[in-house]
Every structure is written in structure tokens, then in C-alpha cells.
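Structures are listed in the sections that come next.
One chain, chain A, links the two complexes that follow: it is found with chain B in the first and with chain C in the second.
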Partner chain A sequence: MGRYLIRRMLFFVLVLFVVSVVTFIIFVKLPSVDPAIRAAGRHPSPRLLATIRHKFGLDRPLYVQYWNFAKGLIPLPGLFLNKEVYFSYQNHVPVSEDIYSRLPVTITLTVGAAIIWLLIGIPIGVVSAIKPRTAIDRAGMIFALFGVSAPVFWLALLALYIFWFKLGIAPSSGIPPGESIWVSILKGRFVLPWFTLALSTAAFYSRMVRGNLMEAMSEDYIRTARAKGLSERRVIFKHGLRSALTPVVTMFGMDVAFLLGGAVVTETVFQLPGIGQYAWTAITVNDFPPIMGVTVLGALFIVVANLLVDIVYAFLDPRVRYA
Partner chain B sequence: MSQVGMDTVVESAAPEAGEPSAQILGRSPWELFWRRFRSDRVALVALAFIVFLVLIAIAAPVIADHVNHHGPNQLNTDLTTAIGLPAVGPSKAYWFGVDTVGRDVFVRTMYGARTSLLVAFIATGLSVVLGTILGTLAGFFGGWVDTVVSRVIDIVLSLPILLLAIGIAAACSITAKGCFGGLIQPGISLVVAIIALFSWPYIGRIVRGQVLSLREKEFVEAARAQGFTSAGIMFREILPNLAAPIIVYTTLIVPSNIIFEASLSFLGVGIPPTTPSWGRMISDAANGQLYTAAWWMLLAPGIALVLTTLAFNLVGDGLRDALDPRMGG
Partner chain C sequence: MRRYAKVLVLAVVLAMGAVACGGGGGGGGNATSSPSGAKPQKGGTLNIAQLGDVTAAFDPQKEYYQVSFAYYQCCLLRTLLSYNGQDSAHDGTTLFPDLATGMPEVSSDNLTWTFHLKQGIHYAPPMQDVEITAPDIIRALYREATPSVAAGYGFYYNVIQGFSDYANGKAKTISGLSAPDDFTLVVKLTEPAGDLGYRFALPATAPIPPSPSDPKAVLGVATGHDDDYGRFLVASGPYMFEGSENLDFSVAASQQKQVAGYVPNKSYSLVRNPSWDPSTDDLRPAYVDAMQVQIGGDESVLDQKVEAGEGDLVFDTSAPEPEFIQKFQTTPDLKDQIFIDPTQGNYYATMNLGTPPFDDIHVRKAVNYAIDKDGFRRIGGGPATAEIAGHFVPDSMLNNLLKDYNPYATPNDQGADTPDGLNLAKQEMAQSKYDHNGDGVCDDPVCKNVLTVANNTKTAQAQASLIQQNLQKIGITLDIKSFTQSAAYGKVFDPKNHIAFTTGWAGWLKDYPDAYTFFFPVMYGPNILDQYNTNYSMVGATPEQMKKYGYSVTQVPSMDAQIEKCFPLTGDARVQCWADADKYLMENVVPIIPLEFSNNITIVSSRITNWTYSAYNDSASLDYLAIAQ
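Up next is the complex of A and B:
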């Protein structure tokens, strides 16, 4: 286990390094726009431009610029998303301030949706698997195929049209400025986003659970469990589901991490002021540091989730041994 | 795993796969596959829909010219209200209504099929080529080649893909020059490059896994004993055996790439505004909650998008069942 953890930590560092290089190239070197001009406003004097370039370190050699950028990926206070580089040219605010104030919205969206997609996806998969080729199975799989095929943003607009505009039983999109997150939840502003986001993810889960459980139920140990005289319910839930759900844990960890790093499409279409929408609004005005900060945070979530998922896996699956 | 590669090895010894007798017919793996696929009605209907869609995409200008006489970017400001709302819903002249600047939604939906399929096919093709080459090399040679390729795959799959894609698209679209010294221009080629860049690891990982088990098979050993070079073995023995999984996963990656393109276009960083694209049309409908006044702007491109991805998913599932019934699903 020790050696394994060391290897995992090295991979952790490697991924962060690659992420830093890739994001540096994409967000700092690729845009052919001079951030100093953006920050200086209209008709800047050459002296003002030079001052701003100096302030943001744009006049330093490339490796210094890279290092200042890469420091922002190191999850230590003072370094992580440091203000020197992660500073919005448009809003004149450190990116970290904006991100931390918007993170609760993204977390609320992700956690709520995650609970719903597990509650929908797993039961459908289980029922489909234990009653294959019945009407219930077919209905479940049609739901799953539809969910896999429909893009979230279209489902979102359809849901808004039906439940808000036509039936009037759901609130419109967006959160009024100043409203606290608890009030928003109580007013039901998250209900449509939760269900829309959950629906497409639940579809993947039900397909996966169905396939895994059907495979597990044909294993020898299931026959042994039945031969021992266990009830079918116990066989399915105690023996079959355990191995069928292990890969779901991996998928769940990664999905949650990806969404915590910004559910860009869902937040944009429902006008939820989370970090995904923040990154998107910044990019529409060619302000790159915000999306840079969100990407760095998202990458960190994913890498940590990767590590956690692997450790949890070792406890769930007795066959997994780390050497 | 159906071993197509066996045919090439055995060919010189037994020219044809046995004399067809009254009861037992010698069937090639492809014949068996076709018999199974043919009996899957749902997949056949879905395949027919895809063919239909491809024909529409190709013939879009002709159909638009003969049926509605409208171009995809033809503005008809007389069809909008004073405050710029579309005044014409689905009707005889405009089957799917008009949008905010009076463009024909039916014609634009047809042209949208062109964009969607073109982007998804080219991007998927590129990612399949890249994924197959790298996956085969990694699985066949093992060692440091495998380590490098596998790590690259792991890393790409643990990147916040959508954020990076948005970033690249935006960074390369600021000026008309594009980026990487003009190598990547804004527009369709940029979207294709982004999607291919982020979707090859899925194919690469699957191919690598298949090659890992294939290279231990007897027919590979036989080819090696015959003095085949590594390249020869990879091309003539391994590659034909990869056909089944590659076909299945290609069909399943196409719909996710269609949604990828639509999402980028929906977010306004994909296909340029003048080119009709389903994602962009849906974002037009979302703009200022226009869909509440003109629901057809939301419905037509959305249904086209769902039906298309659904059809590819159904064909992919059908292919998987037909090519290898044990592959699950």
C-alpha cells in the first residue's frame, strides 16, 4: 500500500504539472489579445501600458511568467490562485474571491443532482437487470437511451418551457443578486437544474448498473449463494449488487469532481451564478484569468477524486491489492 | 472475440471454409454478424434514419431550393414583429416557422445536419485513427511505449475537458489569424481539432486493452514464427481483429461528439454564427427566453439533435450485440 500511495502521489504531481503547462499555453500564450490593453481601458498611454505589464509580470521572461502561473496550482494558502496572476482584468478583482463566493452555488447544484441521479439511476438499473426483457426493463432502457442522447441544455430549456412557462409550477431561471443560497433552495430555484442534470447522468448509471449486475448474477458465487438457500432478495442485494456497484463508485467520484469544477452548460442555461457560469461569462469578453482559475480548481478536484476513488476501491473490492 | 485474423493465416491451408453441406453452412464472422444485426429491428430503423439524415444533409441546398425557396441565411425582416419577435410559426411556407431575423427554421435545421454530421464524422475519424495507432503501439510493444501512451491517456481523461475546450476555442477565435501560427483557424476546423484532441483517448484505451490480449494469441505466435516483422503482424494479424471493437466504439463516440459540438456552439464558442448549427440555433432560442414566444425555435433543432444521437446510440448498441453477443450491454 505504501509504495502504491507514493506512485499515486507522483502521478498526482505529474497531472498537476501537465495541467499547469497545458493551461498556461492555452490561457496565457494562445490568446492573441494583450491583457494590459484590456486592463488599461480605452486609449491608454504607452507608459500606463508598461506599468500594467510590469504589475502583472507580463514583461518578465517566459519561465518566470510560467512559474508565477504554476504556483497557483499548488494547494497551499498564499500560493493557490495567487492574486498576482489570477486577477480578472475585466472586473479588477482577484479570481479567487469571485470563485469562493460562487462555489456554494456549484456545490449545491452538484450535490443535489448527484443524490437524485443515484436515486433514479441505480434502482432502474437493478430492476432492469433482474427482470431482463420485460416491459419494465424495456421502459427503463428507453428512458436511459433518451437520457444519454438528449443534450442537457435542450432538456433544460424544455423543462423551463413546460414547468415554468406553461404550467407555472417551477420558478424561472436565475438567482436574484443578494438572495442567500438557502432561500434559493427553499424557493425551489434548484429543482429544475437538479433534475435536468441528474436525468442525463442517471441514464448512464442505469445502463452501467444493469450491465454489471447481469454479469455478476451469472457468476459462480451467485450460484453458490443460491445453493446455500439464501432468499433471492439477499442474493441480489448482498452478493450481486456489491460487485455491480463497485465500478459505479469510480464513476460517481469522477462525475462529482468534474461537475464541482464547473457545470458550465447547466449553470449557463439556468443562469445560476456558479463557477462554471463565471468562467463562461469571462470568456465571452476575452477575460482569461477567471476561466484559468476555474480550470485549475477543476483539475485539482479531479485529481483528488481520482486518488480518493482508488483508495475507496481497495476497501470495496477484496480482489484489489496494491503492491 | 471473433478472430478474423485466423482467415489470413489459415487461408493457404484451406482455401474456402469447408463445403456447404445440407445442414451445416460455413459462415464467415461477417456473415454471422450480418444475420444477427439484420434481426435487430430497432437498430435497422435507426440505421435507416442515419442514412436518411446523411441524404438530407447532402441534398439540403436542393431541397431548400425546390421545397421552400429559402436560403439558410436569407433574412426576412418582414416576418418579425416590431420588437423583433418571430411572427410566423410552423406554416405551409415555413414548415418549422422562422427565427428572430426571419430565417427559415426548417431550412436551417437541414443545414444544421450538415454541420453536425460533418464535424462529428471528421472529428471521430481523426480520433479513431490516432487512438488506434497509439493504442496498438502501446499494447503491442509494451514497456516504455505503453507507459508513455497510457499516462498520456490517463492525463487527458483527467483534464477538465469542457473548460479547456472553451478556452482553446475562445483563444483561437479572438482574431481571424487563429492560433499556433495560423495552423488552426477559427471555425469548423478548430471545433473538429478540439473534439478530436479530447476523444481519441477513449478509443486508445480500448484498443490497447484488446491488443494486450491479442498479442498473446497463437496466431500472432504463428506469424512471428513465420518471420513476420512487428509492423506486418500489427497490420495483417492484429488490426483485422480490432475491427469489431473499433466499429462499435466509433458508432458510440459519434453521438457524444455531436453533443460536444452542439454544446460548444450553444456556449457560443463553436461553429461561427453564420453557419447553421443545432447547438447555436438552440442558444438563439434561449437568448432572452425567446422560446417562450417562439417555441418552434427550440423544438426543431432540439428534436433533430436528440433523434440523431439516439439513432447512433441504437445502431452502436445493435452493432455491439451483433458483433459480439458476450460483450454485454
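Up next is the complex of A and C:
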């Protein structure tokens, strides 16, 4: 296990390196407008341009520029997202300040949505699998088809229109200035974003659970379990579902990690000041340091989630062992 | 430029998929319109939504953006001179004394301007005991010139003696700025600048208090805040950021805590400035007690919140989503909640004088006749969104001297889409050296595949296609390359790219209500830059510049003499001079096809009373808006 973890950590470093280099090349080497010129305003003097380039570190050789950014990705105090390099070229606000203040919103959104999509997706998948080709199964699969097909931005707008604008039973978008995240949760400001974000994932999960469970239920060990006289409930939940959920765990880890990196559309439509909204704002103005910070943070979440999933795998499936 | 760029992005948003809006609505009109018809009352909180934050975290020396200018003018900062926050019909573009006791005294040679400051005006907490004085204005200008601050528009002050020397490290002081006493500011210029008053109404000149811990510090309380003074802003207007009283300038800059009421990219919370004395301020009624601003979100949802009354207005767009324009204009209950006002901004197509066939004035005139401006506007949203332009500078900036002037008028402004319009275009083209057989259709190879940059939004693409079809009728075919707004600007900013034509997505918005801010950046030869060049047509470029940028055409027409003639003038003579320059531009240089003078369209919630449009800010006057009690 120890050797496995070391291997994964090395892989993790490699992934971060690749992601950071690609991001750096895209946004620093190939920007549509020189960030120094953008920051200098109109009619800049050469001296002013030189000052800004120096301030942004753009007068350094490319490898030095990259290294300065790369250092900021090392998760150690004083280095991680350090303010000397990781500040917005637009408004000079440190990236860490923005990310840390926005992370609670994104975590709240992600965790809430994840709970909902598990609570919706898995039961529908199970019921569909144990009652195939029945009305329940068909309804479940129609739900899945709808959820998978409907774009999130459309769902978000539709949810707001119906539940807030027309019926008035849900709050509108946004978190008023000064309102804490707990108060927002209690006031139900996350309910529509949670369900919107959860719907498409729940639909996908229900399809996956249905397929996996149906396959598992035709396995020999299920027949053996039944022959031993176990109740059908025990057969399904103890033996069938446990096996069927293994790939779901993989997906779950990836999905949660992906959303922690920012649910751009949901956060934008619902006016939630999270990481996704921050990333989107930065991309639209080609503000490199926040883009780099968010991208690598997203990659970090995904790599860590993968690692956790692999560990959980070993507990879920006795056949999986890491030597 | 970023001020323009962002506004224009928003204006393109305005145009996207817009519906034809046949006028009507609440219309413009100032300080008279209110859904409830009630008299404005003090109190309440204005709930404002914005799609994005300001561009430089409210740093007054750096911000160069219409929205931040509006917050400063209405609410946060007072300047020596300012505006009354109304539309141009109600003197909204006229300068009034603000911190100054009256208009400045100007010497007979126009080189010395003297401002006298009102006494007894104090800063917002925590500097409530500090009186605003002339050295505070000087401090702001030093900050504008300080290289490490990287300020946004120092070029407006290069005309002050010693300003550029200080900015370039050649002098230790700005010799042209002095304060003979605490309430007198003397400004000496290197050359006359008739519009200096406007420049002293820009937020960069708003006073910065001295540092309590180091009264001799050149930048006062802004010392150590080269990159983030906006988050430590000491207000002088009727409002301040909530929590300003907790700012502590007695400790080192690195230990100071930012103001709580401004969270970049998230929210602003403005509350009343207890130091503000309305008896010293004739320009700002300041009706509401507070303003809450939420940043981000989907525009249609934000418009919906306004309709539902959960938000009062969306502040940083030039128009709501098209379906909301239509809904508010056609629904009886909502009709009083939509307001259409002219901005001092325009849209135009550009022709590069250095790239054939546009080196021939007859071709340029023929193109002016050929384009269907009415169709262009229809695609962009119809008459509600803009007036059709016949010349370069918006009419309200020229006191309507050129209101009916349109040297390339065609029936219904439909250009080559009408037989008469096409005929006019062909007559002009027939005089061109590129129409060899004189049939009014360009038959020279230079008219084929003319390098053109377009914006890639759906609306801009449709407008580009319309122009393409129009020009085809006179033998010009366009090779259109489409980009995002930001990338498209990136292409045309570089004179080495030889972009021959742009399709009307580019525009201009004033910095202050003087046509200098149109002619100087866009049509003035000495302002052509290697990068970030906003003179896309290369008007007034020297032969050396043209060679340097690789053009085969090296002689291009200039506007420099006409523009320079206006520099020292003031008052009506100045406006007349700019109007003459505009006519000269349209008849003798013809580097552009003026398309639209754009409108601002705002929807407000039903509780808003006293709608007022600020011609200076090109947006709602937030200090005039009131809440129905």
C-alpha cells in the first residue's frame, strides 16, 4: 500500500506539472492581448509599460516566469498561491484571498448536490434494475434520459422561472452582501442550485446503477446467495448493490472533485460567488494568475479524489488489493 | 481604453439577438419619471446588480471604466468640478463647481488655471476631522504620475508643467502644481488646454488625505497601497464603503485592514458618509440611505429579478435582454419602468487609409453610401437601441450643431439596398482609380478579398454579412475573419496587422463631454501607437510610420491641423471647432462609416422613483434614484 501511495503521489506531481505547463502556455504564451498593455490603459509611456511588465514578472525569461508560478503550486505555507505572483492582473486582489473566500460556497454547492444526486440516482437505479421493463423502470429511464439530455444552464433558468418567478416558493438567485453561508443555506438559497446541479448527475447515476446491478444480479454468486436461502432484500443490497456500486464510487469521486474546481454554469446562473464564477470571470478577461490558480486547484481536487477512490475501492471490493 | 472596451462588450451584448423595439417605453427625461409618480423621498436601500466588478478595484487613479466613474461621481468622490448627474437636456454635460467655490480663473495666455476650494468640507470617517485642501488634489495628481502605481490615464495631465518629467523620473516634483494656500490650487500648463476643467472632474483628481502617521508622505494615506488603494478609499462624496470608519491609517500599510464594504468581484455596500454636508453639495441629492451591489449572475435572471422587484436595476449593461425590452415596452404595468436615453457613444465601421482600395477617397465615400445603416440597426435591436449616425461625434457633444448633418444620406438610410442609394454609391465609385471602366463597380483586384475583422457574436456576424452584401454591389468583396470581442480588438490595435476594414463592432464612448476624447485617441496622428493603437484607420500617420508598419501606401490624409486648432479653445467656440472638424473628417478624410449613436436602455423595479439619467456617466444617476416609501 505504501509503495502504491508513493507511486500515486509521483503521478499526482506529474499531472500537476503537465496541467500547469499547458495552462501557462495557453494563457501566458498565447494571450490575445498583452496583459501589461491591458493594465496600462490607453496611451501608455514605454516607462509605464516597463514598470507594469516588471510588476507582473513579464520581463523575465519564460522559464523563470513559469517557475515563479510553479512554486506557487507547492502546498507549503509561504509558497502556495503566494501573493507575489498569484494576484489578479485586473484588480491586484490576491488569488488565495478570492479562492479561500469562495471555496465555502463551492463546497456547499457540491456537497449538497452530491447528497441529492446519490439520494435520487441510486434508488431509481436500484428500483429500475430489480423491476426491469415495468412502468417504474420506464419512468426511471425517462427521467434519466431527460436529466442527461437537459443542459444545466437551461435547467437552471427553468427552475428559477418556475419555482421562484412563477410559483414564488423558492428564493431567487444570489447571496446578499454580508449574509453568511449558513444563513443562506437556512434561507434555502442553495436548494434550486443543488437540485439543478444534481439532476443531470443523478440521471446518469441511475442509468449506471441500473446497468451494473442488472449485470451483477445475473452473476453466479447471486444465484449462490439465493440458493443459500438469503432474503431477496439481502441478496440485492448485501451482494448485488455492493458490487454494482464500485464504478459509481469512481464516478462520484471524479464528479465531486470536478465540481469543487468550480461549477461554472450553475454558479453563474444562480449568482453564487464560488470558484466557478471566479474562474469564468478570469477567463473572460484573460486574467492569468486566477486561471492558473483555479485550474491547478481543480486538478489537485481530481487527483486527490482519484487517490481516495482507489483506497475506498479496496474496502468495497475484496478482490482489489494494492501491493 | 479598457473603459471603452468593457462598455462596448456590453453594448454588443445589447445587440445580441435583439428584437425590433419600436420606440415607446418610458423614454428619457430627467428627474420627472417615476412609476408611482411620487415625490422622491430620502431613505431606503437601493439593490443593484452588476454582471461584473469594476476593473481596478476602485483605485481612483487606475479605474478607467464607465461604471467606476459613475460610482465615483455620484457617490464616493468629489472633485474640484463635476456634473449635476442629469441628462444633456438638463445641463448634464455642463461642468459645475463641486469642491471648488466657482469655475477656475484662467490667465489670458490660457496657461495658468487657478481653482479656489470651498472651506469646511471634510473626508469620510476615519478622516472626518481632516478638511479637504488643495495639497490633497496635488497628492492625487502625484499618484497619477507615479510609475509604480501604473495609473490609467496620466496622459490627460501631461499638459501640466513637469507632470511627464515626474512620471518619467526626470524630475522630483511636478513644477506646474502649487498651492499658495490651503484653499487655492494653481495649475500651470505647457500649452493651452481648453478642456482642462473636464480633466479636473475626472476621479484621478479627487483628493487624497494626508497620512496621519506621516504627514509628509507624498501619496498620503495611499502610501503603500500602489496596487490596492481602492480597498482603503477615503470617500468625500455622500456615500462611503460600509466599514470605512474602521480603516486605520496610523499603522503601516501592510498591517491595515481593507474596508469591509467592498469585496472585489462579489459585492459593494455603500452607506451614508456622515461627514457629507448637503449644504456644500448642489450636485448630489443622495436620496437613498444605502446601496447594496451584488456582482455576477446571468443577465436574464437579473432582469427577471428587476421585474419581480427583488432587484432595482442592473447597472453595468447598456440594455436589458431583448425580450425584457419588448416586455417592458408592451406591458401596461411595466411601461413606466423602462427608460431609453442617448449615450455619448457611437459605433462605426473603419477603413484603413493605408490599405488599397481605401487609399482612394472615392472608394471610401462609395462605401459610406453603400452601407444599409437601417438594416444594421435593425439587426442590432431596432430604433430603441440607437440613433442612426451621419457623422462621427455624438450630437449631444456638439450641442446638436450637426444634428441633421449626413453627407452620405440615402433613402431611409438603407444604402445600397435602395436603387437611389446604390446609384449614389456607384457614382462615387466611378470616380475611383480602382473602377477602370467607370461603371460604378470596382474592378481592380485590390477590391477582392479585403482583409476584414469582425466580432463573432451572432448579431455582429449578421451585421457583417449585411455589410458584405452591400459592398459586393459596388465590387468590394470582404475576407471576413471573426474573433471574440477581445481578440478582435487585439487584431486592430496592432497597426502592423494592416486590417483594412472593420464591420461596425468597434465604437467609442467619451471620457468626458468634450469631443477631444473622440478625436484625440481615434483620429490624431501623433497618437498612433505601436501597440494598443486606437487610430485603426491610421489617420494622420507620417510616411515614416507607414513604412515602419510595412504599408505600401505612405501618404495618408491627416486631421491633425483641424484637431490642434480646437485644443486651446473653450466654450461655444470649442464646440463649433469640433463640429467643423467632424465635417472636415466626413468630407475630406472619410476614414469611417458612422453607423449608430447608441442608446442606454434601463429597466427598474416598480419601487424606484425619480428616474434620472446622467449624461456624463452614461447611466442611471444612482444618487437621484429614490425608493417609494
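We adopt the following convention: the second predicted complex is superposed on the first by the 318 of 323 C-alpha atoms of A that agree within 3 Å, B and C clash if a C-alpha of one lies under 4 Å from a C-alpha of the other, contacts with A are read in each partner's own complex, and residues count from 1 in each chain.
Following the convention adopted for this analysis, a residue touches a chain if its C-beta (ideal position, glycine included) is under 8 Å from a C-beta of that chain, and two chains touch if they have at least 3 such contacts.
Predicted model, so just to flag it, every value in this text is computed and none were measured.
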Query raised in the report: So, on chain A, is it clash or fit between chain B and chain C?
Result: clash
Query raised in the report: After superposition on the shared chain, which partner residues are touched by A:Asn286: those of chain B (first), chain C (second), both, or neither?
Result: both
Report task. Pick one for A:Ile52: touches chain B only (first), chain C only (second), both, or neither. Result -> second
Query raised in the report: Which holds for A:Tyr161: it touches chain B only (first), chain C only (second), both, or neither?
Result: both
Query raised in the report: Which of the two partners, first being chain B and second being chain C, lies in contact with A:Val269: first, second, both, or neither?
Result: both
Requested in this report: Considering only the touch criterion stated at the top, classify A:Tyr278 as touching first (chain B), second (chain C), both, or neither.
Outcome: second
Query raised in the report: Is A:Ser96 contacted by the first partner chain B, the second partner chain C, both or neither?
Result: neither
Query raised in the report: Is A:Val294 contacted by the first partner chain B, the second partner chain C, both or neither?
Result: first
Requested in this report: Name the contact category of A:His43: first (chain B only), second (chain C only), both, or neither.
Outcome: second
Report task. With chain B in view, single out which of the stretches 5-13, 113-121, 221-229 or 293-301 of chain C clashes with it after superposition. Result -> 293-301
Query raised in the report: Can you pull the chain A residues that chain B and chain C both touch?
Result: 32-33, 153, 157, 160-161, 165, 172, 268-269, 284, 286
Query - chain C contact footprint on chain A (complex, rising order) - result: 32-34, 37-45, 47-48, 51-52, 55, 87-88, 90-93, 98, 101, 153, 156-157, 160-161, 164-165, 172-178, 267-273, 277-278, 281, 284-286
Query - Of chain B, residues touching chain A in the complex - result: 151, 154-155, 158-160, 162-164, 166-168, 170-172, 174-175, 177, 179, 255, 259, 262-263, 266-269, 279, 282-283, 285-286, 289, 291-292, 295, 298, 302, 305-306, 309-310, 313-314, 317, 328-329
Query - chain A residues within the chain B interface of the complex - result: 11, 14-15, 18-19, 22-23, 26-27, 30-33, 145-146, 148-154, 157-158, 160-161, 165, 172, 207, 211, 214-215, 258, 261-262, 264-265, 268-269, 279-280, 283-284, 286, 288, 291-292, 294-295, 298-299, 302-303, 306
Report summary line: Per the touch rule above, chain C residues touching chain A in the complex are 1-2, 49, 52-57, 62, 64, 147-148, 150-155, 164, 167-169, 227-228, 230, 263-269, 292-298, 300-302, 304-305, 308, 310, 483-484, 486-487, 489-490, 493, 521, 527, 529, 531-532, 534
